[in-house]
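Please find the structures below.
Each of the two complexes below includes chain A, the first together with chain B, the second together with chain C.
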Partner chain A sequence: MVEVLLLGALAVAAASLDAALDGGPGPFRQAARLLVMERRMTPRADRPLTRIGVVSLPVAAALAALVVPFGGHAALDSRVGVVWFNAMEVVAWGSVWLAGWGVNSAFALVGGYRFIAQGLAYELPHMFALMTAALAAHSLDLRVIGAAQGGLWFGVWMPVAFAVYLLSALAMAFWGPFGAPLGADIAGGAALELSGPDRLVFLAGRYGLLAVASAVAVPLFLGGGDGPLLPAWLWSAVKACAVLALLVWTRRWSPVLRMDRFVQAAWTVLIPAVLLQMLVVAVVVVD
Partner chain B sequence: MTVLFWVLAVAAVASGAAVFAVGSMARATFALLASFLCVGGELLLAGLHYLGVLVVLMMIMEMLVMAVFMVMYMMNPAGLMPMSMVHNRRGALAVAGGTFAVLVAGIVAIPWPARRGGPPHDPAFALGQAIMGPKMLVMMVIGIAILATMIATVVLATRTGRYGEDGAR
Partner chain C sequence: MGVRERVREFAERSPRPFVVSAADGTGDRLAVEAGLRARRWRPALSPAETGVLVVCGRPGAALAEAIDVVWSAMPGPRARIRPDALDEIEPDRTRRDAGSSDDVGMADRADDRDGLRLDVLHVPLGPVLPDWPAGLRLDLALQGDVVQSAEAVMVDTGGGSFWTGREAARRLDGVARLLRVAGWDGAARRAAVLRDDLLDGRQVGSRLEAFERTIRRSRPLRWMTKGVGVLTPEAAERHGVPARYVGDVADRLDGWLRRIRLELDGAGTPDGDRDEALVSVLPGLVTGADLAQARLIVASLDPDLAVVTADG
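Now for the complex of A and B:
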């Protein structure tokens, strides 16, 4: 359970870093403001569905955190950690769509649909990137994959898969260049009508997802707990922090991508590229 | 374990029934998703971890895509009016009741064999071997071919198509 708490702390750190880069109020001040704010209600909203959408986002991030290893140890002893992480991260599709649909507001609905389009674009390259790392380690267990990279990290000799993974980590947390579902052009998108505690829980879930996606990059591509002097779990945490800082910083300089352009690029460039990467890896590991 | 099995089983059937009781397409879709998630939980309980997690993963994606299409094809646009999932009530009842009766008769009538041997070390691997065996390579190639076909079809079918961003207008 320590691992899950550590990832929670990482999520708060990500929010703090984003606020510091933005020059705005820190996450605790924002949380306090949202907690005392009165809920705004839209007429004829589907309350249960909205509530499910809002709450499922942080719950999915926490459930995904169960299989994330620090060093060689994860909270849950699962042999199919990669698939479990993938399944929990897809819950975000439902969360964002429900939050957008349930509140009965046009712009929020557009944001929800945008995330489905984004999901269809990023999910296939993402799955192939996960499979590439799993293929090289002959295992779906994140701990085994992390331990299988003695000396040469997967991120070094599978750069395409690593790059695709980082892109899809941004996309699954609808962050930075993939922030269109919550875009300013549609007045805040899927989160438009969420106010007070609802908004707090939803945004916290988004940071949680970003933190988990960064931490999973470490066993998949950055050698897990591999490193000199420091203990393995600390190396995992340091690397996860570095990836998370990179992802948070991306939002500062990258423009928001248009959904249709990204779908086209994902299907015509990313999928063939990552399939070729997988072929190379398969040829290398087969003997 | 047994308690959890029954809780999930009852929840699966109840949310499956809820699909036909709720008044909006979004609620019907997510009731169906809840039912599938309970089934995935049952597989996890049975020790089939890979299959259970896979059912959860695939069903979430499928139901979300289905939600988009079902809302799109609904009789009233955007689901602004209450709707019903029930059509052809008598025929549907007859078919469902008949199927249920046949399945129950089968379960009761078949002399089930006693279990031999223990569960394999890696059930997912054993299942793959049992289903595909030496045809695995062929199936993998076909899988990639199907994926390439789907992508090519969609790319050609979109309005921008092969003529680029402005060519088709």
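Now for the complex of A and C:
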């Protein structure tokens, strides 16, 4: 369970880094502000659905965290960690959609739908990127994939799959350039009507997803716990921090990408590119 | 002092105000934005996020009514303050009964652009919306997030423009708001700082150049704004909109950047904007666009309703 707690700490670190880059108040102050706030609901909101959406987001992140290895250890002994991680990430689609739908507000609903459209754009390239790493290691176990990379990390000789993974990590946490579901143009989108503790739980879930997605990049593409001097788990943590910082930072580089344009690039450029990458990897591995 | 009190005190040192501006509230709004920046506070995107409401300028009756609706839906502890009272926020901690059951508009049905019969939802954009022209409301008929028809209503007007003789700062403000709508907060903040420095008479030369380079070189920004909200020369002429607004959102942003440079080089020529014409051209431009594009289109025209007089 230490691994899950570590990922929780990473999520808080991500929120702190974002606040620092943003010149705003830190996550603890934000949390305190939301905790002492009244909980309001819009008229005719579907409260149960909204609550399920809000609560299931951090739950999905925490469940995904169970299979994330630090060094050679994960909280849960799973031989299909890649599949589990992928499944939990899709639970998050449901979470955002329910939260957007349940509050009975047009902009929130649009935000929820935007995440579904985003899923259609990023999920296939994402799955092919996951499969490429799994293929090279002959395993769906994140610990085995991490250990299979020897001296040459997958990120080095599968740069396309790695790049696609990083993009899709942003997209699954609807962060930065993929933040349209919570877009400023629709006044906060799916989170528009969430107030007080509801909002806190939902946003915490998003940072959790971002932390998990970053940490999974380490066994998939960055050699897991591989590294000199330090113990393996610490190397995993250091690499996860580096990926997370990079992802958090992207918010400052780019405007939000709209799916009406991005989906075309995803299907005509990213999917063929990552398929080609997979083909190359398959040929090398079979040799 | 109990734990709850301590948490509350800790939280109240960094509130997240929701800022609303009347047509004549531009000066106040800029002061509030600068005030928030100086205190390291962030503005709220929606009223549900916060209990602190800042009203800039003097809203007319219609806008005041819209603000009251927003105010009544804000979660407590609430405080409604004047723009110059950021340090005197005194939240009202009395609990209210939740659940006033306002009537929510129901959807009706019509054919969409592909001939499918879909729900039509009538949704207003504005007048209480961040990074939105003060006093403007667009009544939209939406199918999904696509605008089927639109009507522009000037809810709050008059008061005289804040921007007279401050063309470069006005355009920087427009750029800042457009970038925020586009979801690029970092660049938007740089534009806002440049705008405020310009208004205070500080030197911006090299920083402005660097900012301009960042914007012009951003391929994602170009990708997201190219081909959005194309205004044809004919439509511009029909509505009496100046020719420099012809083109898409990317062209208009580019035009603003050029304009800022010209103004600072002292080569700008004052050409009275036709803000009413800009409003009249909006419904046609946003029809057929999705919500995100509609927001970009409005931000790229940025009409200033303070120059519109009530009798038309």
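Note that the second predicted complex is superposed on the first by the 287 of 287 C-alpha atoms of A that agree within 3 Å, B and C clash if a C-alpha of one lies under 4 Å from a C-alpha of the other, contacts with A are read in each partner's own complex, and residues count from 1 in each chain.
Definition applied: contacts are C-beta pairs under 8 Å (C-beta built on N, C-alpha and C of every residue); 3 or more make two chains touch, one makes a residue touch a chain.
Because the structure is a prediction, the values reported are computed rather than measured.
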First, second, both or neither for A:186, with chain B first and chain C second: second
Touched partner set for A:159, first chain B, second chain C, both or neither: neither
Contacts of A:231 with chain B and chain C, given as first, second, both or neither: neither
First, second, both or neither for A:268, with chain B first and chain C second: first
Which superposed partner A:79 touches (first chain B, second chain C, both, neither): first
Of chain B and chain C, the chain that contacts the larger number of chain A residues: C
Touched partner set for A:113, first chain B, second chain C, both or neither: both
First, second, both or neither for A:140, with chain B first and chain C second: first
Shared chain A surface residues [contacts with chain B and with chain C]: 113, 260
Contact footprint of chain A on chain B as seen in their complex: 24, 26-27, 30, 33, 49-50, 53-54, 56-57, 60-61, 63-65, 67-68, 124, 144, 147, 151, 154-155, 158, 160
Chain C contact footprint on chain A (complex, rising order): 21-25, 28-30, 32-33, 35-44, 104, 106-107, 110, 113-114, 177, 179-180, 183-188, 192-196, 199, 251-258, 260-261
Chain B-facing residues of chain A, complex: 46, 48-49, 52, 78-80, 83-84, 86-87, 90-91, 93-94, 97-98, 101-102, 113, 116, 119-120, 123-124, 140, 260, 264, 267-268, 271, 275
Residues on chain C engaged by chain A in the complex (per definition of touch): 4, 7-8, 10-16, 37, 40-42, 45-46, 48-51, 73-77, 95, 98-102, 104, 121, 123, 129-131, 142, 144-145, 179-187, 189, 218, 220-221, 223-224, 290-293, 295-296
